[in-house]
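Going by the order they are written in, the chains are A, B, C and D; count residues from 1 in each one.
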Amino acid sequence: MLIRIGHELIFEVPRPTPMLLMLYVHPDAARALRQPEAIQADPVGAVESFVDWFGNRAARIVAPAGTLRLRYDNVVEDTGRPEPTIEGLRLRSVADLPPECCRYLLASRYCEVDRMSAIAWDLFGKTPETWERVRAVVDWVHDNVTFGYQFSRPTKTAFDVFTERQGVCRDFQHLAITFLRALNVPARYATGYLGDIGVPRDPNPMDFSAWLEAYLGDAWYTLDARHNQPRIGRVLMGRGRDAVDVALTTSFGRTTLTGFTVWTELAA
Amino acid sequence: MLIRIGHELIFEVPRPTPMLLMLYVHPDAARALRQPEAIQADPVGAVESFVDWFGNRAARIVAPAGTLRLRYDNVVEDTGRPEPTIEGLRLRSVADLPPECCRYLLASRYCEVDRMSAIAWDLFGKTPETWERVRAVVDWVHDNVTFGYQFSRPTKTAFDVFTERQGVCRDFQHLAITFLRALNVPARYATGYLGDIGVPRDPNPMDFSAWLEAYLGDAWYTLDARHNQPRIGRVLMGRGRDAVDVALTTSFGRTTLTGFTVWTELAA
Amino acid sequence: MLIRIGHELIFEVPRPTPMLLMLYVHPDAARALRQPEAIQADPVGAVESFVDWFGNRAARIVAPAGTLRLRYDNVVEDTGRPEPTIEGLRLRSVADLPPECCRYLLASRYCEVDRMSAIAWDLFGKTPETWERVRAVVDWVHDNVTFGYQFSRPTKTAFDVFTERQGVCRDFQHLAITFLRALNVPARYATGYLGDIGVPRDPNPMDFSAWLEAYLGDAWYTLDARHNQPRIGRVLMGRGRDAVDVALTTSFGRTTLTGFTVWTELAA
Amino acid sequence: MLIRIGHELIFEVPRPTPMLLMLYVHPDAARALRQPEAIQADPVGAVESFVDWFGNRAARIVAPAGTLRLRYDNVVEDTGRPEPTIEGLRLRSVADLPPECCRYLLASRYCEVDRMSAIAWDLFGKTPETWERVRAVVDWVHDNVTFGYQFSRPTKTAFDVFTERQGVCRDFQHLAITFLRALNVPARYATGYLGDIGVPRDPNPMDFSAWLEAYLGDAWYTLDARHNQPRIGRVLMGRGRDAVDVALTTSFGRTTLTGFTVWTELAA
């Protein structure tokens, strides 16, 4: 199955401004791409990329004053199968986790594990110490938080989501990640493309999406506290502790996003 | 100059509990050690160490139920000179920072760069875009925050420090780091030993200390918003985005610290 | 000058729900009304009112399941002159304020005076201890906060406004009130009708508005950190410590606002 | 039964400073006093009192530069019986509460009812809609929060107590009050003397105490989420929405408390 993916972002830039971009497909997913990757940055010209410490491919540009247009287009081959589920998997003790998982047990900007630990144990302390605990967390967030674009704001943390019970996809994942870490389950934040293959058409415009990965058994598994069902055709772009680490663009100065188009659909 | 360093921590552990330890000297500083490094963990026995993604040397143990005693002792050779100052250094544009510095521009658990950006520019936006801006930040924090052990709490963030104007050494650094990042200066959190060589004797008991590192010119420089003067004899243990990343010990279950001794003094 | 004022609010109510309404004109302003006051609550019938401890006229109903329609319409006579300015007035010492003003020096839900005191003195401590200090606060808020309906949220406090620098009219007032109280100037929150008499037509739909009152000399003076100019035709509905005390409607159970129309314009 | 009550507070005052004092016995409790009330304020001289809008007796002084000594001593007659319990009482619907109770349903500085509403209904929504709901709230707070003087801080809110699970008596009450209001039960904050009559001697020094009052049936009932048992010999000093309204002393300028003694014990 071939999926066409891409995006076009347009910014107004009042004065030359450095920007970090995380707009490539993640190196782990890039072998399924049909074309070489390139960000067309108009009028910047060549874009140099590097791999950050999370393993994401990132770029850095200096946007000149004026209109900046960033464009990416590619085709990715997908298995066409829904992602695996976690049924039957065991939780790993912190004592025998791979060391590199430990970093995903800690608090981060949007995931206040320290403040939410007692709450997490109140809510989930009596669930079985297996995949069912992870399931319970993701179900709880899915069932108790209401989706709405108007509920988005840049400073919103897991704790805010817990009290306001409203948010966008990133907020759902932050809350679930925070609960999981408080329960000693490594959990990380992921972002990428997610179309509507195999599901009723979503009335929302196509957009980037966020999900999460939790470590069970011997691997990281994809979970999605917003949609809460296995999906076909996720294309990973970035992973990190939370949304701070995988912002699509980070401007070091004032810029204004004036155009935003994302596509992800079955290639004709 | 030889400095003897070490510590002894005692915990009561109600049931077997995994723990992460960051109690070694940092690999960058370890070449000055006179003895091989070892954490004596009684009654755990052998302790296995690994290097985390920040470059810190960490260990993981499972503390059995009962009393846990962690002990470390060593001698380190020091130049005997105060650390270099930042006078005259230039600030780097984000556009030409080494890519690995970029991670230290972002928000983290205790450093809410996103929420404090406007405040930072209000306070420091008119300072020269040189080392003097960094100096102004560190001076401001030093002058406006009152030190006191009773002001410490685990959930305290840079933002709390800004409003309460009270804290311990970690709080001073978190606030300065947050301002620096908001001003596009890479800043990271450091922890280690700091004695009183060359300064009037501090009435406080010897303790671990926190400081910060900022990137100017072509290197990271040590700054300390609490003491705010060049010091002799800092021995680095860990570096990270903030205190989350370099907690001396992280317990995945309930443990109680019942003994805490740190030493760092001129070797006889 | 005659101004026609009124509103129609429509709610969907899933089950019988008690509601508090603060939809009358304030008793201090009611003598200028041309008609007796009445809230038409359909299908509730008679609405009983009482005066709350702030001196506001309030009502309480039990909304039955179904659609609730609240309607108010009246005509008020206005002097046609802009409200007085504070130029030349002296600040009162806390020592000789009328006792009933003291309550408006304290912290409240949306005005965290305790947390913002140091910030207020940093920003305004060097202004003259006269009406100019009040002017400086209101100007600062007006100049540093950006208006936008999308920035509204029910839990937003003065502190949030200070860090996010965005909000609706209530947010502007909360921030200014908090600064004023921190500077020992009594300040209270006010809500009511505000049309566009004498000003360029506002592109926003007519709405209720919030402003503030500060105590200078021997009286309370109207100030408005959002519009920041003397206006003609404010019609007071409620006063309180902050928006908590003068919510137009408070539902003790889930209700959904489905219609909202406000009018305030020169009577033909 | 006669109880001797009183206190002595000593402040260092760097420059003349207005202060509000709430150091009298509450007018509702004052008829049981054996002596006329007086605050000896040395060197202020005469102290003028007024009744605030909550019905508390308050005073205002201007403390001159130097040492300020405030002293109060009295004897109060007590019934010697524990306060009544709430067993069997019904909860009132918001629809038929006395109007003056409604103010105690709203959010206040330390009681973020708006942010904690969903949490309160999660925890207590399935309890019977009777006195047992109130009992469940008070028991939950008592059982889940740990007492310790070191956990006190001036900015601590109910929400902080909920996440940190630690606090002093005022923190216990703030959390219980917030839950009760979220559940539509009027609840207010009270402060006063509380000795150890009829209970094992408390190892803590005598101190002022905080408790709460909730409206059930046709009256306000005393509850205490910290001690959680009926007590003998509470002497009420002040009531309000939360601790903001009944601070023992509020200084409008910097003062330092250097001495603090409270007595409340059976008169010989």
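Just so we're on the same page, a residue touches a chain if its C-beta (ideal position, glycine included) is under 8 Å from a C-beta of that chain, and two chains touch if they have at least 3 such contacts.
Source: prediction; values computed, not measured.
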Practice item. Count the smallest number of chain-to-chain hops linking chain A with chain C, moving only between touching chains. Key: 1
Revision key, fill the gap. Note: chains that touch chain A and chain D both are B, C
Check your understanding: Looking at C-alpha means, what's the farthest chain from chain B?
Key -> C
Review point. Counting in whole Å, what is the centre-to-centre distance of chain A and chain B, each centre being its mean C-alpha position?
Key: 30
Point to revise | Length of the line joining the C-alpha centres of chain B and chain C, rounded to whole Å | key: 47
Exercise for review: Would you kindly tell me how far, in whole Å, the mean C-alpha position of chain D lies from that of chain B?
Suggested key: 41
Study note, to complete from the structure: Residues of chain D that touch two or more other chains sit at 115, 155, 163-164
Practice item. In the complex, go through chain A and note every residue touching chain B. Key: 18, 20, 50, 52-53, 58, 60, 62, 93-95, 99-100, 102-103, 105-109, 111-112, 114-115, 154-155, 184, 244-245, 250, 252
**Study point:** Sites on chain D touched by chain B in the complex
**Key:** 150, 153, 155, 163-164
Point to revise | Residues of chain A touching chain D in the complex | key: 115-116, 118-119, 144, 159, 162-165
